[in-house]
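Here the chain labels run A, B and C in written order, and each chain numbers its own residues starting at 1.
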Amino acid sequence: MKFLSKFYIGLIFLILYAPILVVIIFSFNSSGSLSSFSGFSLYWYRELFRDGEALKALKNSLFLAVTSSVLATLIGTLAAFSISRSKNKYYKRLAEGVSNIPMMNPDIVTGVSMMLLFVGVGTIIGVSDTLGMWTMLMAHTTFNLPYAILQILPRFRQMDKSLTEAALDLGCTPAQTFFRVELPYIMPGVISGLMMGFTLSLDDFVISHFVSSPDFKTLPLYIYNQTAHEVKFSMYALCTLMIVVILILLIAVNVAGSAGESRQRKKEKKTTGVSK
Amino acid sequence: MKKRSVFERIAAAPHLLWSAIFIIAPLLFVVYFAFTDREGNFTFENILSLSSYSHTFLMSIGFSLIATAVCFLIGYPLAYCMARMSEKTRNILMIMLMLPMWISLLIRTYSLMALLDNGGIISTFLTSLGFEKLTFIGTDAAVILGMIYDFLPYMVLPIYTTMTKLDRKYLEAAADLGCNNRQTLFRVILPLSMPGVISGVTMVFVPSISTFYISQKLGGGSFDLLGDTIERQFKNAITYHTGAAISLVMMILILISLAVMNKFSDSEEDIIV
Amino acid sequence: MKRVVCLYTLLLVLLTALCITLSSCGSENARTLYVYNWGEYISDGSEGTLDVNAAFEEYYYEKYGKEVVVNYSTFSSNEDMYAKINSGASTYDVIVPSDYMIQRMVEEDLLAPLDLSKIPNYANIDDDFKGENVYYEDDTDNIYSVPYFYGMVGVIYNSSIVAEDDEQIGSWGLMWDADYTGDILQFNNNRDAFGTALYYLGYDVNEATEEQWREALELLKSQKDLVQGYVMDEIFNKMKSGSAAVASYYAGDFLAMHEDNEDLSFFYPKEGTNIYVDAMCIPKNSKNYDLALEYINFMCSEEVGVANALYTYYASPLTAVVENAEYQETMAEVHEDAMEILYGDMAASVPTQAYLNLTPERLTVLNSLWEELKVESSIGIGIYVCCAVILGALILLVVYNVVKKRRWAKLYD
């Protein structure tokens, strides 16, 4: 049984990784052929780094990912704060329901609806070139927002209300309470909200496809354009680089996270030990 | 305490404002476009003309249904096997499962195409073994395979998470009361992991019904799924209205199926209790 | 947790630094020229070729002492480009539409007339593309476009799969040959796909009646079971790797494919085929009219023309390029009959007809016919069976649960 389940896991993961491995291996192929590996070379990587358009797209992607995730986390933190503290049931239900919409809707509908909004508003106010960097920023912030709230809200809910009350009783202003007591407590949620937004935005293709203009391309859009043409092996090189970066990030976060967790556990043990 | 509630209200404002402008208003625009013609007159024409797309709707639903079912059949045992591993192995497997989710969908689809293409590795290998030339790209199987490959991790992850959170006492109780492994799986674990299954099914079904990149790359342009149709309508300013109508109908369709599924999962929970 | 915070902060700082350094590359005061061209349609410096846009920036700096930045973006169909220009979503300074699209844009007053005195290199253009011969511009007083490349559509086939003595060779019939079921590629755009059918039927591609369009649709529907897919530039890969055996595409692209796969052959169908001209134009809302003229002039110089022609392999309308010895030599290495295919008798031996702008009514008809073709798809019965099985299983499960629940309820009562 144990063997069987190990075999099954291995098989599925092999299938899951086979195409990715093929791309990685053939990005080092010295010839532009997929059917045979003719020799190791970094030729396609050199080609990639000479490609100004790819670098520009990378720059745009990073800019967008950073700004939209920060903006979304900012709004999301405030929203989560007021959702968790509010006593108004209707407001709570409304706020959570609204942030569910972009998560439930297929990306294509979100993208199309935003495009119609931008184009429609553009026609109303008479500005013709609405699509571009700003619309991308707005769209990315919008789809990052629910995820940010999702990460931060549980932290607020877990938080002991008496902490806030104590701070207020001891003479903190509401703003001070928020920054000195609540913010530090919810920080892990904020961080994971930021990271989630960052990756989502970096990764998004479908929504960007509809709200972008050719003069502000992100990396996924660039890849899409490239793959519509002839398959270029420099694309394989780009894919490989992205996979490596993601792998490093993932492992780093995991190692840091588990280290932090075990430390926290130790601390908890200590405190419970003392109290006993 | 008064000040506090003022602060709370101000904090709520940006989110509500943002949602109203960028979530609610766009949907209203979709509805507006779906029910007007190019001159801005109210019309049912766009919705009625969708009857010619009935085939596209059927095909999309069919493809994503099959993809979802296969994902479940492959993913559930995988999640089950993973959940039974030691914690250390589990963490590694978790990273391995997450990695493909973090890699862009474009890249994964593209790499699958590289593997399956007629001049690609698999077909070269098969022909060198003396098999007759096989065509994968441009078949319905390739499109469905693409959906399964791209979205399988989305099925496994939620199921796996609910399984690891499962209270072991239930399993022990089941064993004590004389269930064998198989009975435990079907009578205890499966019903208890239903919330994970539901969210997994949603996470596979919704993107596969609306995809257009997968069908473009792996379908070789001969399968016109809902996503492709919508995307094509929005390339041309004349057809925005038809595109909006298709999007609207698809959205409603998805919402209905999600509602039905949630209903289904509720009744499921009742049984356990 | 602190470590995660540190890690993330570090990452953010690094990325911001990267953003700043990357963005500081572009200088602040330079003018930007927005060029909108077909994908892979310019020598871009890859694999040791001349980087034309960079060369223009350099040339401009040397000539005027001012910096200019070329913002180059690409489109993949005339209709995409038209939508962008027409919606006014962005302003471009130089665009490269095809003939019928130029005609339409001139009619809709989207293009600015060119000041030819600012384009001295216009003299390099062959007389076949001037004056009376510019079939896509009706305005006799003004010139709106300068030809960039031209070419003809032909049929490409893989001679290791298609028998050399196949009697359909030389005819559009090869695209409908059931022997190559699953190995045929058709255009994924309505005008060209319907074009192949109309040429095959011998109808006028611009003046065909609605019945003739319908007939073409039926022909394309009958082809739907034979084709591997409707594709555009994916043809390159599929033909080079031998995934597909027959495809219709542009002569210049055939030469590029032939370079990688010697088995590929080419002919112009005897029933007649499409000839097209892609030309450089300046949209009316361009903010850099003079700069755009300068760019067009630069593109018409011999050196740049040769670089582009050697990059794309399309037929150049510049006489200086066609007569250039280096160009002729290199093309001969690509394919022994390259010059013949692009400029010679082979191209002259078949009737040709260009696409002209269709009336809005015709366009609507074409759009709806194309939708009809795309929607029609023959998915296997297996799909339906699978769906039925899944739905059946789901319904069974629900019924089973309901029944079980009732039974429990009864027991408790």
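Rule of thumb we're sticking to: a contact is a pair of C-beta atoms (placed from the backbone, for glycine too) under 8 Å apart; a residue touches a chain by one contact, two chains touch by 3 or more.
Remember, predicted model here, so these are calculated numbers, not experimental data.
Student: What is the shortest path, in steps, from chain A to chain C when you may only step between chains that touch?
Tutor: 1
Student: Taking mean CA positions as centres, which chain lies farthest from chain A?
Tutor: With centres defined by C-alpha atoms, farthest from chain A sits C.
Student: At what distance in angstrom does the C-alpha mean of chain C lie from that of chain B?
Tutor: Each chain's C-alpha centroid was found; their separation is 32 Å.
Student: Once you find the CA centre of chain A and the CA centre of chain B, what distance in Å lies between them?
Tutor: Here chain A and chain B have centroids separated by 18 Å.
Student: Listing for chain A: what residues touch at least two other chains?
Tutor: 34-35, 119, 231 - these are the residues of chain A that touch more than one other chain.
Student: Counting only residues that touch at least two other chains, what does the list for chain C look like?
Tutor: Expected reply: 87, 234, 237, 241.
Student: Tell me, which residues of chain B touch at least two other chains?
Tutor: In chain B, the residues touching two or more other chains are 117, 119-120.
Student: Can you check the complex and tell me which residues of chain B touch chain C?
Tutor: Touching chain C from chain B are residues 52-53, 55-56, 59, 61-63, 65-66, 69, 117-120, 135, 137-138, 140, 219-224, 229, 232, 235-239, 264, 267-268, 270-271.
Student: Which chain A residues qualify as touching chain C in the complex?
Tutor: Chain A reaches chain C through residues 32, 34-35, 47, 50-51, 53, 55-56, 58-59, 62-63, 65-66, 119, 128-132, 187-188, 191, 194-195, 213-215, 217, 225, 228-231, 249, 252-253, 256-257, 259-260, 264.
Student: Which of the residues in chain C end up touching chain A in this complex?
Tutor: Touching chain A: residues 1-5, 7-8, 11-12, 15-16, 18-19, 22-23, 34, 36, 39-40, 45-47, 71-76, 84, 87-91, 232-234, 236-237, 241, 260 of chain C.
Student: Quick check: in the complex, which residue numbers of chain C touch chain B?
Tutor: Per the touch definition, chain C meets chain B at residues 79-80, 83, 86-87, 182, 188, 224, 227-231, 234, 237-238, 240-244, 364, 367, 371-372, 374-377, 379-380, 383-384, 386-387, 390-391, 398, 401-402, 404-405, 408.
Student: Can you list the chain B residues touching chain A in their complex?
Tutor: Per the stated touch rule, the residues are 1, 3-4, 6-9, 11-12, 14-16, 18-19, 22-27, 29-30, 32-33, 74, 77-78, 80-82, 84-85, 91, 93, 95-96, 98-100, 102-108, 110-112, 114-115, 117, 119-121, 124, 149, 152-153, 202, 206-207, 209-210, 212-213, 217, 227, 230-231, 234, 240, 243-244, 247, 250-251, 254-255, 258.
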